[in-house]
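Read from first to last, the chains carry the letters A, B and C; within each, the first residue is number 1.
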Amino acid sequence: MGSSSHASTGTLDKSRFANPFFTREGWLYFAILAVLILVVFPLTLDAFRLNNVGKYLTYAFVALGLVLCWGHSGILSLGQGIFFGLGGYCMAMFLKLEASSPENTAIQSTPGIPDFMDWNQITELPWFWAPFHSFGFTLIAIVAVPMILAFVIGFAMFTRRVGGVYFAIITQAIAAILTILIIGQQGYTGGVNGITDLRTLLGWNIRTSEAQFILYFVCAGLLLASLLLCRAVHVSKLGRLVIAIRDKEDRVRFSGYDVAAFKIFVFCFAAGIAAIGGALFTLQVGFMSPTFVGIVPSIEMVIFAAVGGRLSFFGAIYGTLLVNYAKSTFSETFPELWLFAMGGLFIAVVMAFPDGLAGLYHRHVRPHLAKIPGLFDRQSGRGRDVVAQPAE
Amino acid sequence: MTQSRSANTFLALTRRRLLSGLAAVPILLALGQAVPAQDFPTSEVKGNDLAVTDDTVTVGILHSITGTMALSEAGSVQAEKLAIEQINAQGGILGRQIEVIQEDGASDWPTFAEKAKKLLVQDKVAAVFGCWTSASRKAVLPVFEQYNGLLYYPTFYEGLEQSKNVFYTGQEATQQILAGIDWVSKEKDAKTFYLLGSDYIWPRTSNKIARKHIEKLGGEVVGEDYYPLGHTQFNSVINKIKLRKPDVIYASVVGGSNVAFYKQLKAAGIDMTEEKPLLLTISVTEDEIRGIGGENIEGAYASMKYFQSLTNQNNEQFVKAFKERWGDDIVIGDVTQAAYLGPWLWKAAVEKAGTFDIDEVVSVSAGIEMNEAPEGYVRIHENHHLWSKTRIAQAQPDGQYKVVFETDELMEPDPFPEGYQ
Amino acid sequence: MIGDYTYSEFGSILAMQGFAGLILFSVFVLMALGLAIIFGQMGVINMAHGEFMILGAYVTYLCSTFVSATIPAFFPYYFFVAMILAFCAAFALGVLVEWAMIRHLYKRPLDTLLATWGLSLVLQQTYRTVFGAREVGVSLPDWLIGSLPVTDVVEVPINGLFVMALTFVITAVVYLLMYRSNWGKRVRAVVQNRTMAGAVGINTRMTDRMTFGLGCGIAGIAGSAFTMIGSTGPTSGQQYIVDTFLVVVFGGAASLLGTIASAFTISQAQSTMEFFMSGSMAKVLTLLAVVGILMLRPQGLFTLKIRR
């Protein structure tokens, strides 16, 4: 996959623009991350903290998508919570139907439908719930539903050349609208409570410690796979085109590319990744609530990516872990003050470290490491990664 | 519900010893006879590895101190802390001082679940006092059931729930609603009702019960409306009310919407003191009136179990202690009082069981009585809710309620009411 | 008979609902105007807009407590002073924020979104620390409470009238400022071509700062006015923020006229529907319609004809 991306650079200095799948350095980072989340965390953290880290990792999916979408393509979506939430809701609907078997719900006036429907005087399963009896359909829907919505939004916006801040606030408005919709239609969606009390996945109790342990590894594995997938998109020709679009959209358009199509693709891709995160969230936490669809989580997830470094996939994951760890710790230690810390972090990252942790690393740590012979590779002293340079 | 009653001889003994001791313990604030901790060796009372040492026991408080719900939950936190401090001043529980770990649910349901898990799994707290919204309770419920924790939940709520691991110290819907509607239809001869609420499970369930009961009494519901949480514009519904001319506006609007609703109602020329229509609310406590302004809600009736102006001796002491602890300008609402009961009911149950063990505490809880409650006598029902009286009171311009009616008997909690579903 | 109502009742419905719609319209305009000015001028979305509103509300609260404690005779008129103070406080904070944060981020408009979001968290927590987590009650002078009876059924709330008048005045002032003053000319010049505006000697920095301050100041006035109809607490700003964004987005964020048109459309649609169905359902349908139209016309109702 990596080699195909060299083709179009023509007579330019290949060593500067070539973008192999991973350099030796990249594989090193990948290995460190994999060891950290697959070995170090499970060995050092107790079950409760590990489950928390598992939860944070589901946000990291969103952050990964945001790096591609925002950092590389310049599309800031403040509505990633929509896709995270929809993915989560699809999974929750399946689990809820499984938990609402006629035997389990015998005390209801209509057995066999989820309890909140019964409370809202709904007497039969709504049509859009019915397909979620099937696990196969659910798996497809988890990714497909958010991607279709992303496509509709993206198509409407990008083909009319809406972008920048305006796109950001429209996605935000849509997030707000969806939240109100979900809360308002509580008979069909569980309302503000969300879909709660999820117990089993195909008969497997997801609440036990063992199940949580296994789900952590599923989550970590899928995250690493998603990271590779994002990287694959990034190093492809498309990946470089979207960077060009970010930096000079008109020139790309004048060169004969359909700019909108590329943007739509990246947006849908990020939505799909976020949705996987959402589904895993539901599995690990045991419920889904409309709070995730709203404005606040959507913006928080952007901050995760920003803290880690909006241009770096690795940064996004570390950023997510760090911010959430800080949030948990702050709020446990200073429950009355942690909002100051969070707000301050937002401002500080934006004002002082626009490239986040990854930027700090590249500026201050990496030059020293690069002096160690053979650690990265021969050319590592120079910036190899085209996107590592912050763009205006 | 699976409650195992263990017939442990040791326990029976301690229980007897304790009960005789309890009779001698004077009511609130008076320094009780401290039970020496040596009588209850840590190894025997710490249950399933709970955070109990030779002289302390740790509990959790889990409310939102940030986010949109913080304004509602602040009172509950204060009440729980006050109760715990008072218990400590009396010598604690089983000779142990209570230590508190407070966590912030941040008005975010998944955060509630995470913090609940932290309190149970990591801190191994012996009990948790907390949650306010139904959504937060639904979020933590599986956690409490899985890790066998103990939650005391203070808010009046919609019912339809019963768990081994939760005690509901507020009223469930039927307790709060039936007496209120009986009263307006009998005393005020009300026939037509307009039901109005915020759009979530509690107002919807409450109105469902109210509607059934109104129809049972031969009345008529002339309108039913729901507005999104946080909605601030009520002019349209006020117009509808004016046209339909109901005898009673039955309001279960919550949170910031309340302020908007009552201010706009007043501005639209509906003077509630004239009682045409009469307004009966199940959601506005003294706490909310602070934000609404007494002059804007003067004349409205509320149907709840507790009002700050109750004149019994328990309540006078409670209000005095509360103000001494949290400042003179504080007001106390229904939920705040219910939150205050939590630690005391837990204390009574632990002392009856002679151990902090969750299963033991749960199994002895049914039937526990509390004569010293500010609202008066309460008793824990087998379904983990409280037997309590329901009172009707009218809002005064100073932001207090004046009680005009009180049920003769304790209302039986009935979370799954037959005929109201 | 129309439905359950007689013709005379139906007439009253139309009158009262029309008025309710107008009040809602005024509220929307007041909320959105400040945001639209800032966005139109600088392409900056001020996520802390709701918190600036609540600053105005708290200033009003402080005024009411101060006046009723010290000079009760002045109480009936304090509201006007409170609004001016609310404007000043929000304006001052706005200028400070512009100076400390926003001006460093003009080249990165997306980042201002995040920074102002951080600011909103900090402000919320500040309010909570200073004023407590509970809502505060702002007592109003008597003349602002109550209604003017027109017929038996039709009554006009005075605070609604007040909000309408206020909105009218503020919109008129903003119009005069933007389209009839030299300052407005400078602002518009900067919007249309920042570089050229700078080249002909306009102090673009100062223009930006004042515009940001003005937008925040209007938010402060809005917050002050909303103490009449809504709650005042640390997070009350969030109650308004969603509607505010919708109005601005739907109007086509860069145009003041668009903001007003969109506020009118949304408010009328919502208040009409609220009458015929549950409020929650009306809101959902309104929002769905807004989203639907945004999909067809993502730039919003009105757009500035500038090539991007």
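The working rule: a contact is a pair of C-beta atoms (placed from the backbone, for glycine too) under 8 Å apart; a residue touches a chain by one contact, two chains touch by 3 or more.
Keep in mind it's a predicted model, so treat the numbers as computed, not measured.
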| item | value |
| --- | --- |
| Comparison of A-B and A-C (more C-beta pairs in contact) | A-C |
| Remotest chain, chain A as reference, centres from CA atoms | B |
| Distance between the centres, which are taken as Cα means, of chain C and chain B, whole angstrom | 37 |
| Separation of mean Cα positions, chain C and chain A [Å, integer] | 33 |
| Gap in Å, rounded to a whole number, between the CA centres of chain B and chain A | 39 |
| Shared-contact residues (touching 2 or more other chains) in chain C | 124-125, 128, 280, 283 |
| Contacts with 2+ other chains: residues of chain B | 65-66, 199, 228 |
| Multi-partner residues of chain A (each touching 2 or more other chains) | 180, 184, 336, 339 |
| In the complex, chain A residues that touch chain B | 46-49, 51-52, 55, 107, 109, 115-116, 119-121, 180, 183-184, 186, 191-194, 196-197, 199, 207, 285-287, 289, 291-292, 328, 331-332, 335-336, 338-339 |
| Residue ranges of chain A touching chain C (in the complex, touch as defined) | 70, 76, 78, 152-153, 156-157, 160-162, 164-166, 168-170, 172-174, 176-177, 180-181, 184-185, 295, 299, 302-303, 306, 336-337, 339-340, 342-347, 349-351, 354, 392 |
| Complex interface listing, chain C residues touching chain A | 39, 43-45, 47, 101, 104-105, 107-115, 117-122, 124-125, 128-129, 241-242, 245-246, 248-249, 253, 280-281, 283-284, 287-288, 290-291, 294-296, 298-299, 308 |
| Touching residues on chain C, where the partner in the complex is chain B | 5, 9, 12-13, 16-17, 19-20, 23-24, 27, 124-125, 128, 132-140, 145-147, 149, 153, 155, 157-160, 226, 228-236, 238-240, 270-271, 274-275, 278-280, 282-283 |
| Complex interface listing, chain B residues touching chain A | 65-66, 102-104, 106, 108-111, 113-114, 117-118, 121-122, 133-135, 138-139, 141-142, 146, 158, 160, 199-201, 204-205, 208, 228-229, 416, 421 |
